[in-house]
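Each of the next two complexes has subunit A plus one more chain, namely subunit B in the first and subunit C in the second.
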Partner chain A sequence: MKFLSLSKWFLMVLCISGMLIQYGCAFKDIDKRLFVSAIGIDPAENVENGYKVTVKVALPFGAIKDSAKPSFAYLSREGHSIGEAIRMLETHIDKVLELGHMKTIIVHEKLLRNDMQTFMDYFIRRGDIQLISYVAGARPSAETILKVEPKTEAPASVALINFFGATANDSPYVVTTFLFQLRRDILADGINPVLPLIETNEKGDELIVNHSVVVDGREDPTVLSTIETKYFNSLLKNSTGLTYLVKKGSLELLLNISQSKMTYQFVSREGSEAPRAIDMHIVMKGIIGESNKDLSIAKLDEYNRLASKEVKQKILHFLIKMQEENLDPFGFGLHYRTTRLYTEDLFTAWQKAYPDIEFKVTVEVKLQGTGTIE
Partner chain B sequence: MSRFVYFLLISNMIANLIASSPRILFGKSEEGAIVTMIIALFFGVFINWVLITFFKAFPGKSLPHILSLYLSKWIAIPTLFILGIVWYVSGMQTLITYIDILLRFITPEMSVYLIIAMFIPVITFGVIMQSRNILFTLELVFVLSFPVAAYYVVKLYFSEQVSWNHVAIAMTFIDNPPDYTVFSTVTYLFVGAFDIIIFNSLLKKKMTFGIKQALIIFILGAFAIFTTYFIPIGVLGFDQVESILYPWILTSDSIRMKFGVIERVIFIFLLLLLAIAFLNITIHWHVACKLFQSAFGIEQLKIKLREKISLGIVVVVFWSIAIYTTLKVTEYDLFLYSKYYFNSIPIILIGLMVLMLVVNRRAKV
Partner chain C sequence: MSMDETTSHTEPPAYFTRLAKRLEPTSDIVKKTLKSKDRIVHLLYLKSVVDIMQLQEIVVKPFYEMSADQNFAEYIFSLPYETKMPTGDEEVLIEITKGNVFVMIDKQITLLELKVVAANAVQEAIMEPTIHGPQLGLSESIETNINLMRQRYHKPSLIIEPIQLEDISNRDIALIYDGEKVKPHLLKKIRARILTLDVELVQASGDLQYYLNNKKYSLFPTSLLTERPDRILHNMAGGKVIILVDGSPHAIIAPTTFFDFMLSMEDAYYSFWVVTLIRFLRYAGLFTCIMLPAIYVGVTSYTPEVLRSELALTVAASRIGVPYPSFIEVFFMLIFIELLTEASMRLPNSISATATTVGGLILGTAAVEAALTSNIMVIVVSLVAISTFVIPISEMNYAVRVCRFLLLVYTTLFGIAGMMLGMLGLLLYLVNKDSFGEPYLRMFWKNRREELEADDS
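Let's turn to the complex of A and B:
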């Protein structure tokens, strides 16, 4: 019995002495740290094949009441690699740069190529950077975009974060791409990642996100127009709050689509495995949001037909444009790989077939009503 | 079957998520992982059936006790010694992996010695606890972490970040011939219940292993294998998934709670894992400790003090080896040695089962 209590004593002393080693804890205090809220990457001007890294650092303030506007500091540095530039940035400030809360990575438009994985590598390899941070393209440069401080930005928040991830802004024109998703799509055969493109107005006090970029191997990445971005979002990501403008003669209808669903199948060529066509079926549900004429609720079927025809044309146009550019933002190739058992030439067969593939699109618009008035 | 057997089984399945097993599976993703996983699933249920059927005949007796009753010392002692090493290495593997993860993801600036120092008192205390208390700890941790774990699993399966296309691509490799390493790795998922070679001394009730129990283990196993293998592929993509060192950490980091208190699910995951890893190390080392004690005949010692001292020696030896290895081993070594370890598991299990058969025959005569 006596020994037992001794052993307990021993354990207690051991535990307490463990605490003694924690003289100041390995962490540094929060006021000794600077939190990076966004990071921007541009091609370097002075270093060959290098990068210019700009970080947007949130400055601490006492209470939200005291400060009307969020305050940021911007630090820039050029280097041969991202990691090197960030290491050098740490010598420009008196505190520790903390990247764990960094949520947005902004990349210059010109750097959005397939070889971007060479510098994105840094962000994935570091354990403390979130894989759910957003990646976006920037025009004219990442630095300009970072330095924009929109008037709508509330204290203790960053506007760049609210745009993405559908927590605040849920617009169908905004594509959201996470860091892990970018890595997955770049490395996967049969899909091209799509990134949002952030622009600013002439005065430089607004952020505008309604274009997107399809990342591929080429020097000049293809930029999707506003309309194309919307189609991409509605077809692939099932985003809500879409509007479509349908014109027929003098009648103009604006459809508010609340649901859209795309399903497709591959049609094989006779006698061979290679696909000949893609049979695509799209169902959209919604109501009429705006019209320049009086509408009749009894004629919904007619409006449906009208809308289906219009939407089909636009979608087909978009699909064919992507096909002509040999881009695959929808991941048809990826889906094709899932429909056959693996063979070594499966994907090359798809690559050969894709430029000549035929799209057979049927669109079914199901309007639920004409809004609150006829 | 006692509920504790299920707990032991499940804790081992979860602890394997962080260890090297997912990486080994991904490495073979184009060389027959799928077929082998299906074969190993049936084998896993089979070994559990053998185990329970064997111990059914000896309610309330641990393996060292049974061996000493029916086998000569010359067979019993080496067997116990080898099993002790297997169990010890199993716990150590979890320990090293977890220290590695702590260093890389939670406290990158902390010294490795400090992290080990934090583990030592907690795990030592766990190891020298009575077997009964360990089982209760196991149950307690399970009850406490179940809601979080259930939430996490639901979150994983219904998260829009999981690309089921990639999962389907992984499945298109179903027609490849099976692979031994994958087989042994998946078999290892099922060895959790083998901890009852010691804990059986507390399970006094007669156990049954019928269709129902087999089905439960089958479903648990299928679910564990599916989650371990396919969910990271869905999140991280099929192509080049084998190049990721900690697939499960990155997977949890890629899942987000849009409106949660914290957005990054990874912190829930790491906390959960800390609890399970602690359990896993404690249980395995406790079993190893008991096995070594019986192998060296410490159990027979009459004087309490000497028994305690010998226990102390075992624990000190455990930690010396563990600390030395943790400091020496690189990530590549860990992966490589884990592979060797897993490869030896089916052989040891089959040997153990043959031994059980022999004992069973002798007991009947």
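Let's turn to the complex of A and C:
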């Protein structure tokens, strides 16, 4: 009896330890994986209507603290679709390509059109790619940008990730667009997605992000200048840390804006639902950061008035430029659509009305101090 | 009394001889007959357990000093040292082996408790030390221990109930409880459990606790072993039953819930926020030492995307060159750390420090240098080893150490999902468990009145 139960025990232990060896295909040790940190997409050179996919693989380094430079490997492959190219890339390496840490998708400037949704579909459907990945445009090409290894890049981290999402860099010149956001904005009527544009310097050792691209159906996408990017960010995303230069005669003021808030309403044409104007109200709070003259706190109201006038002009200029290009990065159309009772021609009415819409902008700058103690 | 009557009594009576015969041939037996001209007394005792000085003071000296008109028998029966006379030869003999002196005067017999206990010194609390609480634990003598209880709990409702166990050592066992607070059905259950035990020999509270558990393959303890009088009283005031075994410096507390094992007596001596922090740390330690090895395997081998990119790369880098899959690495290191713990526990204090240093530092570093394990693994294992000792009661400590191996097997087979499955299984097991009829995972988050109402229904 005792012997029997003992042998049963022995069998059980044997079976369990046998199971452990059969751990199966999901079990892959971390050192048998290669972590893709970013993917670049360019138009293919040899395949018609195809894409060239470049992956930036972060290589684990012996002792991370000792290694001065991050080490990356780059793999490229052309294919008819992105999925195909990545599948073929997997045959070029000895380990598993792990996309779970892929946080940045860089797309060639030329591919930034509404139809980019078709090739971006791969990233949406693949389970291990996070929808909170950043999407950015690249100039001159995605591959060049991927291969830039800036001097400030730390080992075991990727500089491209730090640029976006205000985790490290929260400059108002950097637009952040997530993968889910891009898909949503492309598929929605009445809004044009805005992507950051990543450039590099001549030596190819720096990444520069201060332009952005408005994605739309046209062949050459509209690129927002540095200043326009800043206005876009401050108005829509309430970015902080902005500076505005205000000039009045010989007086030059540089405002540090810490808060900005935009609210707007549609003004309807009499007798019809179609909008005639957009009534926009912007409140900005901040201090004076730099000046070429002595300032007095008693004259703060005057500076406020001065600043309001200047900022108003610049914003109006930007809005009208977008209107003339028939672009809607702010999503006025989307807002209009979602706040009106649905009729079949609601959106066509908006499309008709948008080119002639009038912007009534009021800017209220509330300076909280001159920046110095009197 | 006439002279020839006395002479007829010089010879020990038949009963006395019979008892003495039963005790032979042990060398420490003493049969003594005190004789004076008008009275005669027979004494039977074991000199190894009787306080000879006291015997001399209380019995022998008065015997010869008392004048003839005083009644020596009356004197003996009025002594406060008397123990209850059991019926039957066997029971009387057991009393004698416990250190009682059998006294026979004419036809009257009595037992005098004049025992001497060598190991009645109160010991320092080693297993559950506190900074602010009492520094001394229990002693190895049951009388001293009962004395300790009485000293700290002055209430007439404190009841000490002796129980004679049917094993070969005839050890003294006492149930101690507050008669007003204890639940009668619970008391009945525990008493019945002890009386129905079918064991050869009970040596200490530890093995009695194991026998009380009633199940051969049980992982979690259902009663608590403690050496601290303050913990005993804390639980007794809560209506629990304390079991003391003679010769053991530990008391058994029954019934217990899981959370009793996570309580350190130190908690009673600090302010609320400090205690909250310490408790949080303790539970964090509990979860760390159960789950961390499993998390390591699950995350590194199934779902590395859980980690931050930097950490994923660091872990991957540290695993470069490690020849075995992660779970073998973890098993290896866990068994290594268990060996280290066991070894340092068995070794004398002076050597154990050396063993831990050699094992922990040198072997750990060497294992990493030799690429047998990764750096991160050494961190994980050290963290697990440290957090195990945050659990205040050592039995729970052992149970948890076993649990993490089970969880590791689950995770190796099914990844992080397997780990959650394993945790769920553990939870189900604990919920299903009971300690002397009380739910094991019972949480006391209601107020006192609601708790009482819940008990009634």
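We adopt the following convention: the second predicted complex is superposed on the first by the 347 of 374 C-alpha atoms of A that agree within 3 Å, B and C clash if a C-alpha of one lies under 4 Å from a C-alpha of the other, contacts with A are read in each partner's own complex, and residues count from 1 in each chain.
As a convention for this text, contacts are C-beta pairs under 8 Å (C-beta built on N, C-alpha and C of every residue); 3 or more make two chains touch, one makes a residue touch a chain.
Since the structure is predicted, the reported quantities are computational estimates derived from the model, not experimental observations.
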Partner chain in contact with A:188 - subunit B first, subunit C second, else both or neither: first
Touching partner for A:180 - first (subunit B), second (subunit C), both, neither: first
Which of subunit B and subunit C A:340 touches, first, second, both or neither: first
Contacts of A:101 with subunit B and subunit C, given as first, second, both or neither: second
A:128 touches, of subunit B and subunit C: first, second, both or neither? both
Touching partner for A:147 - first (subunit B), second (subunit C), both, neither: neither
Partner chain(s) touched by A:110 [first = subunit B, second = subunit C, both, neither]: neither
Contacts of A:281 with subunit B and subunit C, given as first, second, both or neither: neither
Touched partner set for A:158, first subunit B, second subunit C, both or neither: second
Contacts on subunit A seen with subunit B and repeated with subunit C across the two complexes: 26-28, 128, 130
Subunit A to subunit B touching residues, read off their complex: 3, 7, 11, 14-15, 18, 21-22, 26-28, 127-128, 130-132, 165-167, 178, 180-181, 183-185, 187-189, 331, 334-335, 337-338, 340-342
Complex contacts: residues of subunit C adjacent to subunit A: 300-305, 309-310, 312-317, 319-320, 322, 325-327, 409, 412-413, 415
Parts of subunit B lying in touch with subunit A, wherever the complex brings them together: 30, 104-105, 107-111, 114, 117-118, 120-121, 124-125, 161, 163, 165-166, 168-169, 171-175, 235-240, 249-250, 253-256, 258-259, 263-264, 304-305, 308
Touching residues on subunit A, where the partner in the complex is subunit C: 16, 19-20, 23, 26-31, 33, 35, 37, 58, 60-64, 98, 100-101, 103, 128, 130, 156-158, 161
